[in-house]
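Each structure below appears as structure tokens.
Both of the next two complexes hold chain A, though its partner changes from chain B to chain C.
So, the complex of A and B:
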């Protein structure tokens, strides 16, 4: 049986223990119809021109893990930001792990999607926010919606500043042969509230796992969202991550994506502007080797005047890795005085590495400042020679330059401990010890 | 009162197509529709050898299975391809010894364009192969060229006289199966130009052809084949204007360039077909396939000034097959009223040390949509490939749109690719600066638009630059000059 058929036929079993009377059921059912009709995206679709998930869906993935896996805190501690106190929402094989987590309802809600979807006190919120910005015609997002059940639910009320960062981590234990995960997160940052969130998907054993994750984020007036995605998974794990963000006026939202590992990673990141004076930041560093594949598909939809967006993606590709950048800036007719910037720089280290980039501007307003730049190149031979002439070995010199290349993305990371962590990971990825703290 | 952008906008909208006139020459027209029989009939009518007929039929067969592409960023009512007459030629085909014998009606047409053959002949020494509808009716300077061994004639003549060259190269760069409109063209092309420059010859003059769509309801399917043999050089000019017509006219041309080792081809186009009136009615559909192939150390340079047509769908491309070959693309695309343009280039780097440059300037006014769509592809064996792309858009008024769709694919680590794009309007501060130096707003806008497109205008051959300026003026009258 094809995997698509399995997904469709398993849906009944999935809904067995769920309340079929509520509106969420209807959302799920209609989403399943969309998926049934559209199926998995193929390379024939423009948005998936450079990324094929054909090979991924050939396997027979388990949709519901058989048993609850227990994992030792000490085994996974290294994946936490252990030196900083954080709220944690931890899932193992898609199932919430109360033992590892640290949730709260004190002043702000850091809890579970399953609770939000079923408990009556969240009903209104779910009706207002759930599946309101996720595009209905995107087949993978629809698939996620049809199986939406668990994930992180975060609500920061008016004028509240979350005093601790929130970590959302999805572990896959490797108990199943092959696993298909579909977490669904909902984050609402109310007026003038602030929050920092770190999201991570991690498999603990080499085994085929595909995560089709959807996150919806609402950033209200004057609110502030700082979101980090750490993607440094094992080479057997794939991730399709779709994040949809709506911003109200005068809000700030920034998303940093660090793609350092995994087999195939697709990042759909979309921003919609609903007010004036909005600032959006999208930044990313991608460092790949082996046969890894990372695809960044971004969209910033400027629908209101006087907004600003800033995109900066750096890619370093070694061996046979493949990088894709598909950035889109859409400026509506009324979005005058828009200031949109997009930059994508890539370095190809080895012969076999590939970069496909497609930075797009679609502009319907005249009084705008929109530009994009995109480069593909190598490390500067002369700079390399200069460093070596100063006694820095070639490998370190290269690493230093690569680090410098990625630096202005790292510079805007607001959490010091996270920054240090990423620096360490980058140094490790480049295979050097620079002998000093970057 | 000072001239404002508002006024400019208004003027642009109301600006009618100046070259909308119709030359009254009797035409010999086929019944409309397309079938195997029509293809055969076209071939027969032109007295083509059997291999050409077969080639057309094969193209027709593969075309029948193709679908009209829809990926371009343009909206239009698809032309009914069965309602088009696929052959239209002036009934009498006189052979001219001198220009005096040319139909005075025809000469008048060119006079209206401000580029009479006489003037061209005297002033610039350009050999003009005039294509009036589909059959060439006058060729000048043939003798001078013949002395050098250069073949410059209509493609139908070339099929008869130089079958070995045509057979070898036609469809070699753009095979009939390439795309829908190239397939259609391959099956039904009625005429076009053929040019062959022998080894080591530098063509002493700019070669030029003027295409015009004349007969109402006639599709124009031109086929151009330019072959530059080893070490040769040629500069080819193509200019187009079309009379005003209410129904949409289809133009699906194919241009193939072949630059053999060490050769250089410079291909310049000025296109000013009827863009439709200010309500967006009428206008020419321009679906053109242009591509060149570069062998070792050769160079192909495309320069285009696109001001006309209701819908443009055009991507002059270079396949940089040979080592050390160079591809260039310089373009100005101006859209106004309801015009839509989706244009750009493809640079396919296959050989080592290949270089390409893309400079694209888009100016949109009125309610028009202007898109740049380009591909830079570096193959795995294309060591040290170098590309620089720059796409700038200028928006006038808030009802138009400018779009950029660059595709960049690098499969080699030694590739160096740069791409940058900007979109802006004419800055108030720029105008203010000019104003306070005593330059009025109209002049200031002209100055800025001129400066904006200068990089491309400079690439045009002298003879053409004047005309290009003129066309820019018509498209954006009030803003230029």
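So, the complex of A and C:
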């Protein structure tokens, strides 16, 4: 049986023992129909031209892990931001781990999607927010919606500043031969509220895992959201991440994506503006080697006047790795005085590495400032010689230059402990000790 | 210290150096002068180990050790320092972090531990003072947005920190006003001792008023066509390079 067939035929059994509100059931049923009709995306579609998931879907993945895996806290501690006190929503093979988590209902909600989807007290919120911005015609998002059950649910009420950052971590234990995960997160940052969120997906053993994750985020008037995606998984893990963000007037939202690991990663990141004076920031550092593949597909939809967006993605590709950047900026006719900027700069370390970069600007307003630039190059030989002439060995010199290249993306990371962590990961990925604390 | 014999080099198949002989002893300052395109910068890059140039013939020894076999970083470990005409910008890496990386890389090559932070800071303060560099400058990204003078001063600062045995100053005076020139020259002079040597590469005699050479060599069309003492620099300043060109065409 093809994996698509398995997904469709397993759905009935999946829903059977869930105590669902009718509206959620309907949403899922119609999402399943969309997936049934469209199937998995193929390279024939423009949006998937350079990324094929064909090979990924040949396996027979387990959809529901048979048993709850237990993992030792000492084995996973290193994946937490341990030197900072955080709220934690932790899952193992898609199942919530109360033991590793640190949730709260005290002044703000940091809890579970399963609770939000089933408990009557959340019904109104779910009816207002669940699956309201995820595009209906995206087959993988529809597939996620049809199986939406578990994930993080975060609600930051009006005027509340979340004192601690929130970590959302999905572990896969390796107990299943091959595993298909579909976490679903919902995050609501109400008026004038602030929150910082860190998300990662991590395999603990080499085994085939595909995560098809969907996150919907609402950033209300005057609210601040900083979201960090740490993608440094094992080479057996693939991730299709779709994050949809709606911003109301005078809100700030930033998403930083650090893609260092994994086998195949697709990041769909979309921002929609629903008010004036909004600031959106999308930044990414991608450092790949081997046959790793990362595809960033971004969209900022400027639908109101006087808003600003900044996109800055840096990529460093070694060996046979592949990078894709498809950055879309859409400026509606009404969205005058828009400032929209986009940068994608890439360095190819080896001859066999490839990058496909495509800016896509569709501007219907006439009084706007929009710019885009993409570059693909090699490390500058003259600069390399400069560093080496100071006694810095070639490998370290390359790393230092690569670090310098990626650095301005890190400059806007607000959490010092996270910044240090990412610096460490980048240095490790580049295979060197940078020789100084950053 | 540095012995160069019959050095030939080319870049992309074009001969640039056509037989250079040079002998620099410890404690000496040599000036290499010459018109644009005579091969001055090629010579300095070649000594420092720039792989862009192909050495086709000849010898290059530092304290009897064959330099040709060594990579740029290994030459630095042996004590060679090149002050660049156009220093490279490295955004995101501060002057302090850069110099720390360089110093510890050199120490590591010698089998030494990293320099203790307090010692490093003390040395940085001392050398910054020598070159009239303020502490704010040290936390800026290396060469990024630096003025011409700041870049050159930073080069000599690095030289002061690394304490090389052979320093090559490639057009260090270009882009400097007279005050900056004096500071840089003063720094170079204070770093001079009986154990190290300096090669000053320049188009103009101006810098040599402040860094007084023991020997002056005139490079033209890939060869040293005349060598002398500091008076030769004054002669060049007064007469220009035309008579040298004449000399070269008759003499060879």
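Convention: the second predicted complex is superposed on the first by the 436 of 438 C-alpha atoms of A that agree within 3 Å, B and C clash if a C-alpha of one lies under 4 Å from a C-alpha of the other, contacts with A are read in each partner's own complex, and residues count from 1 in each chain.
In this text, a contact is a pair of C-beta atoms (placed from the backbone, for glycine too) under 8 Å apart; a residue touches a chain by one contact, two chains touch by 3 or more.
Treat the numbers as computed from the prediction; the structure is a model and nothing was measured.
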{"item": "Clash or fit (per the criteria above) of chain B with chain C on chain A", "value": "fit"}
{"item": "Partner chain(s) touched by A:371 [first = chain B, second = chain C, both, neither]", "value": "first"}
{"item": "Which superposed partner A:2 touches (first chain B, second chain C, both, neither)", "value": "neither"}
{"item": "Touched partner set for A:408, first chain B, second chain C, both or neither", "value": "second"}
{"item": "First (chain B), second (chain C), both or neither touched by A:46", "value": "first"}
{"item": "Which superposed partner A:400 touches (first chain B, second chain C, both, neither)", "value": "second"}
{"item": "Touching partner for A:75 - first (chain B), second (chain C), both, neither", "value": "neither"}
{"item": "Partner chain(s) touched by A:54 [first = chain B, second = chain C, both, neither]", "value": "neither"}
{"item": "Touching partner for A:26 - first (chain B), second (chain C), both, neither", "value": "neither"}
{"item": "Shortest CA-CA distance between chain B and chain C [superposed frame, angstrom]", "value": "14"}
{"item": "Footprint overlap on chain A, where chain B in one structure and chain C in the other make contact", "value": "none"}
{"item": "Interface residues, chain B side, partner chain A - complex", "value": "71, 378, 380, 393, 395-425"}
{"item": "Complex interface listing, chain A residues touching chain B", "value": "46, 50, 333, 336, 346, 348-378"}
{"item": "Residues of chain C touching chain A in the complex", "value": "45, 48-52, 71-73, 75-77, 80-82, 84, 87-88, 90-93, 97-98, 100-102, 104-106, 109, 158, 162"}
{"item": "Interface residues, chain A side, partner chain C - complex", "value": "380-383, 385-394, 396-397, 400-401, 403-408, 410-411, 434-436, 438"}
